[in-house]
Amino acid sequence: MTDPMLDIQNLQVIFGTGRLQVQAVKNASFHVEAGESYGLVGESGSGKSTVLRAICGLAPISGGHVRVDGKEVTTPRGKAFYRTIQMVFQDPYASLHPRHTVDRTLSEPLAIHGVKDAETRILQALREVGLGPSFRFRYPHQLSGGQRQRIAIARALILRPKVLLLDEPTSALDASVQAEVLNLLEDLRHKMGLTYILVSHDLAVVAHLCQRLLVMRNGESIEETTSAALRSGQASNSYTQSLIEASQGFSRDAPQPASSLAT
Amino acid sequence: MAGAPSLSQPSGWRAWLLSPEPGSRWQARLGRFYLGWRSFTRNPLAVMGLGVVVLLILVAIFADFIAPYSPVIGGDLRTQRLLPPSETYWFGTDDQARDIFSRVIYGSRITLWVIVLVALIATPIGLLVGTVAGYLGGWVDTVLMRITDIFLAFPRLILALAFVAALGPGIENAVIAIAITSWPPYARIARAETLTIRNSDFIAAVKLQGASTPRIILGHVVPLCLSSLIVRVTLDMAGIILTAAGLGFLGLGAQPPMPEWGAMVATGRNYLIDQWWVAAMPGLAIFVVSLGFNLLGDGLRDVLDPKAAK
Amino acid sequence: MASAAMQRGGGHEALRFFLKRIAQFLIVLATTLLGLVAVTFFIGRIVPIDPVIAIVGDRAPPHVYERVRQELGLDLPMIQQFWIYLKKAVTGDFGNSVLTTNPVMTDIANVFPATLELATLGTVIGTLVGIPLGVLAAVKRGTFIDQLVRLLGLVGYSIPIFWLGLMALLLFYAKLGWVAGPGRIDVTYSYLYTPVTGIVLFDTAMQGQWDAFWDAVSHIILPTCLLGYFSLAYISRMTRSFMLNELAQEYVIAARVKGLSEMRVIWRHALRNAAVPLVTVIALSYANLLEGSVLTETVFAWPGLGQYITNSLQNADMNAVLGGTLVIGAVFVLLNLVSDLLYRLLDPRTR
Amino acid sequence: ATPPDTLVQAWQIDDIISLDPAEIFEFTTSEIAGNTYERLINYDYKDVSKIYGEVAESWSVSPDGKTFTFKIRQGKKFASGNPITAEDVAFSLQRAVLLDKSPAFIIGQFGLTKDNVKDKIKQTGPFELTMELDKAYAPTFVLYCLTSTVASVVDKKLVLQNEKEGDLGYAWLKTKYAGSGPFSIRDWKANEVVVLERNPNYDKKAPLARVIYRHIKETATQRLLLEKGDVDIARNLNPEELAAVSKSADIKIDSGPKGGVWYLGLNQKNPTLAKPEVRKALKYLVDYSAIADTIMKSKGEVHQAFLPKGFLGAVNDNPYKLDVAKAKELLEKAGLKDGFTVTMDTRSTADTTGMAQAIQQTFAQAGVKLEIIPGDGKQTLTKYRERRHDIYIGRWGADYQDPNTNADTFAANDDNSDNAKAKPLSWRNAWDPGPLTAKTRAAVLEKDAEKRAEMYKELQQAVLDDGPYVIMLQEIEVMASRKNVEGVVIGPSFDTNSVAQAKKN
Amino acid sequence: MTKPLLEVEDLRVRFHLRTGTVEAVRGVSFQLGRERLGIVGESGSGKSQTGRAILGLTPPPGEVLAKRLTFDGIDLLTASKRTLRTLRGGRISMVMQDPKYSLNPVMTIGEQIIEAYQAHVKASRAEAHDRALAMLEAVKMRDPGRVFALYPHEVSGGMGQRAMIAMMLVTEPDLLIADEPTSALDVTVSMEILRILDEFVSERGMGLIFISHDLKLVSSFCNRVLVMYAGRVVEELEAKHLREAKHPYTQGLMRCLPTLADDVHPLPTLNRDPSWAL
C-alpha cells in the first residue's frame, strides 16, 4: 500500500499567547489519497481554513503530524514542498496583487523556481484555466471575480503541483460563475491527476466536487462522511444533520435547530 | 458578468489605452497611467500643481536663457542696490545690487536639487525601515520602530542643525540633514501600510510559491507602500523647501552667493519692511513651488492612494 | 446598562492594563531617552564648535582656556565623558548651562512654560477651527468650499512662518494696533505678578492681576493664532481625509437609514469614528509645536524652548542641548502614551 | 508705550554668560557693568585722554614708576548701603586676579599672579591702597587698564556673605549684583531681559528709575517695537532700517565710533597668502568706501590701521582703496596672473555676510575666486583659533583703552609655533612680525606720551604695509531712540555707553 | 391586498461619470403589499441600487428617475428631506448585508438601537432603553442585557445581524428592505435570521423586500420574486413557481447551482444572451 498523499494526524494550531491565545484547531485528523478530492465543511470559525494554512506553512503547527507523500513536513517548508502543494484562496479580490498584471503574477513563481521558457508556460497556464492570451497583460481590476479566481488557479497550477488546497474558491462568486469554476476545477483534476482538499461551507459544492469529507466544528473534526451519504441525507451527527437541512433552503415549519450559535 | 451597460463608449486611442485586454506590458502600463492621469486631470487644482512643478523644472533647465543678469555678480553697490521692481529689474535688486529675478530663476536649480536629493535619500530609507519592520514583526519591528521613534522624538530642526554643524555648512549637507530628519514619518507610514498588506492573501500566495523574504518585501510589499509614500513625500516637499529655508535663515544652508531661495529670504528679512521685494520675491517662489507640490500631492493622493480614492 | 461592560472587564483587568501600560511607557521612555542622549551626545562632540570659547570668549588668555577645558572634562576620552554624563543624568543632574550658568533643568523649567503656553493655545485653536473646517470640506467634497478649505490649508503648509509672523506683526501690531507686540507681557505689568507656574496667563489670572492678564492675552494672541493656523492646516487636512474615509462606510448609510439628521450622522457617527485617528494627528501636531517653533519664537521675541535649544546649540552649550532634547523626547513619548490611551478610550475595538 | 521713568532698550543680549565684573568680557555685559559698577578710575567719554578718579580721589606714582598709590573718596556707599573703603577696592582687584577669568590678564599683565597679588596690592589705610608692578610701565597704560570692567569695585562684605567653598562669591555674583554704580541690577533672565534699577546710594542720582534691556533677536521686530513706542531705544537696527526709522518724527539716531575694527585675517600658512605681493594686492581689492557707504552705512567708517580712531597714536589716513589694476600688477609679480582660489570663513550674520559678498565681487575682478564658508560665530572662531582658515573675516574689539591692546595682538607674536602659549591675532594668522614684536614690547614701557604715540604710528604703518590683515572699517555704534529720550551717552568703548544721566521728557 | 404599500414604476438610477453615464437600474416596476418580495440577480444587476433608491439613499453622483415611486400614498421623489427622514427608519427600514460594517464600531449596540428609536419616537431615555431591550429579546438574543452594552466588534456576525435587525425594526416600520441580510453569515445562522424576519412579516404585517443572489433561498422564503439582470427585471413570478421560470436567465441560474439532490457533471453554465439586457 502506498502512502496517502496527505496525512494529517491530531493537528493542533494555536495562535497567540497568553490571554490572546486562540486554539483554532484543536484536533483534526484525516488523510487524502493521491488523486482524491477531499472536502472540509463546518461553520465559520471552525478552523477549516486554518487546517489548510497549517499544511502549507502559513499557520504554525502546534501539535500533531502533517505528512506529505509519507514525509513529515519541515518548517520552514522547502522549495520542493511548494512545487508539490499549492493553494487557492477564498477571496479572488484579495488574492491577486493589485499592482501586478496577470503576466507578472504568473511569472513570479516561475522566476522563483528558475523555470525556463516562462513565455510558453504562462500562455499554457492561461489556456488551461480557459482564458485566452488577451488576459495576459491585464490588471486584477480589469478582471471579473470568476476570471480572477481562474488566474489564482492558474498561478497555483503553473508549478505543476500534485496537491491543490482550495479554500472556499467559489464562495465569493455568483452562482453562474461558480458553476464555471467548479467545472474547471473538476476538469483540471481529471486532466492532471491532482489531489484536492476543498474547504466550503456549502454542502452542495463539497458534495459536487468531493468523494469524502470531514465535518468540523470548533476546531475539531466531528465526523468523516461521504458525499453519497450527504445526498441521501444520512448523518450520524446531529450537527451534520442540521447543516444538511439548512442547505435545503428556508422552511417555515422546520424546528429551531438545536445548535447554539457561537458568539 | 451582467454589468450595467455604459451608455457612451470611448473610441480611438482612448479605447486603446482603456482596453480591458491590453496586448502588451506597455499597453497595460500606459493604460493604467492613462486612467490615473484622467482621474488626476479631473482635479483642476492638481493640474495647476503639476503645471507649477513642470514650470519649475523647465525654468531650472533653461535658467541660462531666461535670466537676464548674472545671479551672483551684482552691479554698483552705490547706485544699483536695493532697487524696487522695475522694468529693468523685474523683481528689484538685493543688498548686493544683484537682480533678484535672475537669482530666483537660478535658485530653482538649487531648490529642485534639494527636493530631488531629499526625496532620493529619505524615501528609500523610510520605505525600507518601515516595510522590513512591518513585514518581519517581532523584535526586528520593535528595534526598528524604537530607532524611528528616537529620530522622530528629536527636535527636527535641531537635529538638522546639529548635522549641518557636524558636517559643515553647505547645501549638500543641509540636504543630508533634512533627509535624515524626514525619513521617520515615512517609515511609520510604510510600516502601517505593510501591516495591512502582510496578512493579505496575495502575500500568502507568493509565500506559497517559495519566495524569499527580500523578494516579497521588495517585489510585493514595497510597490504597494510606494504610492502612499509618494503622496506623502510630495506633500512634504513644501516642508523640505521651508526647512532648507529655515536652515538658510539660521545661516546654515547654502553658501553665499548661491541663489538659494531660503537664504535669499533670510537675507531679505533684514529689509523686510521697506525693501519688501528682497524677501518677498524668493518667498513667493517658495510659496508657489511648495503650493504646487502640495496641490500635486493632493491630486496624486486621489490617483494613487487606493484608500483615498473612492 | 453601561455597567455590564464594566462587570465583564472588571476593575482588576483595567488596573492590570493600566499598570502594564505604565511599565511599557517607562521602558519606552528609558530607551528613547537613552537613544536621544547617545545620539545628541556624540553629535555634540563632533560639532566643530569649541565649547570652551563659548565660556571664556575669544580673547581669554591661553591658561584660562586650558583650565576651563579641563573643568569641562573635555580632555577625557569621549566614552568616559559620556559615562560621566549618564551617571549624573540618572541622578537628575543634567549639568549646568554654560550660557546661563543655571542648572539645565532650571533653565528648561523657565523656558518650557512659555513654549507650553504657546503650543497649547496654538493646538487648541488649530483643533477647534481645523476639525470643523475639515469636516465641512469632506462633507462638501469637490465643491467650492472644499477647495477653499484645502487651499487655506495648503497656504499654511507653504508659507515661511517667519515671513507670515513679521507680516502679521506689521499689520496687526504696528499698523492696526489691535494686538500687543513681541514679548510675553508688557514691562509695565511684568513685575505685578510672581511667576509660579511660568505660564503667564495662568499666573496672572490666579493672582487676580486682570490688567496684566489681558495684556498677556494681547501679546500671545498673534503668535498663537499663527501657530494655530499652521496646526490648523495640518489638522483640517487630516480631518478631511479621515472623514472622507468614514463617510464612505456602511454604518454611515445605516445611520441615514435610521432617519437620523445629517448633522447627527456627520458629527455623532462619522466624526466620532474619525476622531480615533485624529487623536494621534493632534498629538503629533502638538508635539511639533512643543518642540518649539524656533522661528516663531525668534520673530515674537518669545523666550521659549526652541530658541533656547537653538541658541545653546550655536554656542556648543551641549548640556543645555542635551537637556532640551531629552525634555522634548520625553514630551514626545508622553504624548504618544496619552494619544495611545485616548485612542483606546475612543476606540472600543482596541480595549 | 513705556512708563515715563523707565527706559526700555531692545537689544540682542543672548551673549550674556555672567554678570560678575571679574568675568565680564562681552559687549552687552560690559555696558551693563559700566552702568552699574564704578571703577577705581575712569576717563572722560568725550575726551579719552582725560583720566579721572571715580572711586579714587587721587593717585600717585612712585619715582621708579613701579608703585601706584590710590586714595579713595570718602563717604561713598554701595547700593547695599555698605560704605566703600580701600578694603573693597583691594579685594576687588585681588579677586579678579585670583579668580583668573578671561579678562583677568588686563590687570595681571603687570606681573600680578595668584600667588603674589595679596602682597602686591595692599591696603595701606582705611582709604588708601598701593599696587606694585613688575616693570615701570607707561603710567597711562596702567591707568587705562584700571578703567576697564575687570577693575570694577565690588562690595566685599556682600560678596563674601555669599561665598561658597572659597569661591570668593563667584557663583553668586555670576547672576547677582554687588556694586555702587548709578544703577543696580535687579534681574536677569537669560535670553529675555535684564532689568536695572536706580541705585539710591549713588552720588548723582539717576533721573530714571529703571532701565530695561529686552532681548529682541529680530532687528525688524526691534524696529516695529521702536516705531510703536514699546521700546525707547533699538540697538541692532541695520542700515536700511535706520534709514527708514530716521524719517519718523518721533525717532532720532545717535552714533559714535567704537574701539572695534573689521578686518580680514590672511592665514600665512596658506602659501599663496604668505606672498607679500598677494597680501598687498588683496588690500587693493576691497572697495572700502562702497562698503562703508552702503552695506555698513552708519555702522562703520573706513579705517585701515589697527588702532581705532581715538586711541593714542592712531593712524587715521587710509592709504588703500579699490584699485584692480594695481592689484593685478601685484598678483602678476607674485606669479598669479590668473588669480587663485581661496576660502573665507564667514560668520552668518547679515553684516559679515554682506561685506563678505561685496569683497567676493571685488576680489573676482582680479581673478581671485573667493569661496565663502558660512558658519555660526563660535564655529568660525573655533576654526580661526586653530589656524585652519584661509581668510577670516571678523571684528576685533579693544580690551581696554590703551593702544597696547591692539598692538599686542596685531603686531606682536612671541612664538609662532603651533603650540605657542599666547595666541594673538598675529599667531592666528601664522604671521611672524619679526622686529615689530620687540617694538611693541618697548612701546608699553615708554613713559613719554608723544614718543609712545610715535612708536605706535610706526607699528601701524608697518602692519599697514605688510601685515596679513586687511583692516577695513572702524565700528560705529548706532542707537535709534525715541525723541523724548535724552542723555544717553555713546562712549568710545563698549563699557562706556552710559544711561546714568539719561532721562525721558 | 387593497392598496399596495409601495408602488414603483419605471424606476431608473443613473450615475453620471466621466467615462459616460451608467444606468444601474433601468425601468424597474413593481408593487408591494404586506408580503415578502424577493429580488434576485447576479452581482451588479442593480438589486441594491433599487433598494437604496426607494430609501432615497442613492450615493452622490447618482440620479433617480421614476414614473411613480410612492410609499403609502406619499410620493418619495418629491417628498421633502424632512418627510424622507421621518419615513426612513420610521416607516421604511433597511437591513444591510454585513453587520461588521454597518454598525457603528464606537457605539454600543444598545445606544445605536436607542438612537434609532428616539429619532422617531418621543420617548424618555428609560423608555427607549426598555424598548431596545425588548427588541433585542424579540430578535431572540439570548442575553439582551449583556448584548446591549457590547460594542459591535464584541459580537459574532449572527448576533450583529440580529442587532441590526433589532435596530431597524425598533420603530415597527411598515416596510423593511433587507439587502442580502444573510450572505455574510453561516447557513445555520442565516436560517435563524430569516426566521426572525419571517415572524415580523407574519405577525406584524410588515412588507419585506428581500434582496439576495441566492435563488434557492429566495424561492423558499419569499412570496414573489423579481429576477433582475443588468438593471432590469427580466421576470417576475411567484416564488413557488420559480422552477417553472420561463426566462432562460432564470432557468440558467436555477440550473447551474449544484445541489445535494442531484449530481450533475459538469454543471450547466449560463450562456448569456445579449438580448436579455435590452
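Order as written gives the chain letters A, B, C, D and E; numbering starts at 1 within each chain.
Keep this in mind: a contact is a pair of C-beta atoms (placed from the backbone, for glycine too) under 8 Å apart; a residue touches a chain by one contact, two chains touch by 3 or more.
These numbers were taken from a predicted model, which means no experiment stands behind them.
Path length between chain C and chain E in the touching-chain graph (shortest route): 1. Listed by label, the chains touching chain A and chain C alike are B, E.
The interface with the greater number of C-beta contacts, when B-D is set against C-D, is C-D. Chain D and chain E, compared by their mean Cα positions, are separated by 89 Å.
Note: centroid distance chain A to chain E, computed from Cα atoms, is 31 Å.
Between the Cα centres of chain B and chain E there is a gap of 48 Å.
Chain geometry summary: the mean Cα position of chain B and that of chain C are 25 Å apart. Residue positions of chain D with contacts to 2 or more other chains are 218, 220, 224, 376, 379.
Multi-chain contact residues, meaning those touching two or more other chains, occur in chain E at positions 42-43. The set of chain B residues touching two or more other chains comprises 1, 165, 168, 250, 269, 272-273.
Of all residues in chain C, only 1-5, 8, 249-251, 253-261, 264, 268-269, 272-273, 276, 346-349 touch chain E in the complex they form. Taken together, the chain C residues at the contact with chain D in this complex read 47-50, 53-64, 67, 97-102, 107, 110-111, 166, 169-170, 173-174, 177, 180-183, 186-188, 190, 298-301, 303, 307-308, 311, 314-316.
Within the complex, the chain B residues that touch chain A are 1, 20-25, 27-28, 32, 200-202, 204-212, 215, 219-220, 223-224, 306.
Residues of chain A touching chain B in their complex: 53, 56-58, 77-79, 81-83, 85-87, 89-91, 94-101, 103, 108-109, 112-113, 134-135, 137-139, 142, 144-146, 152, 155, 159, 174, 177. Listing the residues of chain E that touch chain A in their complex gives 42-43, 155-159, 185-192, 194-195, 198, 213-217, 219-221, 252-253, 256-261, 263, 265-270.
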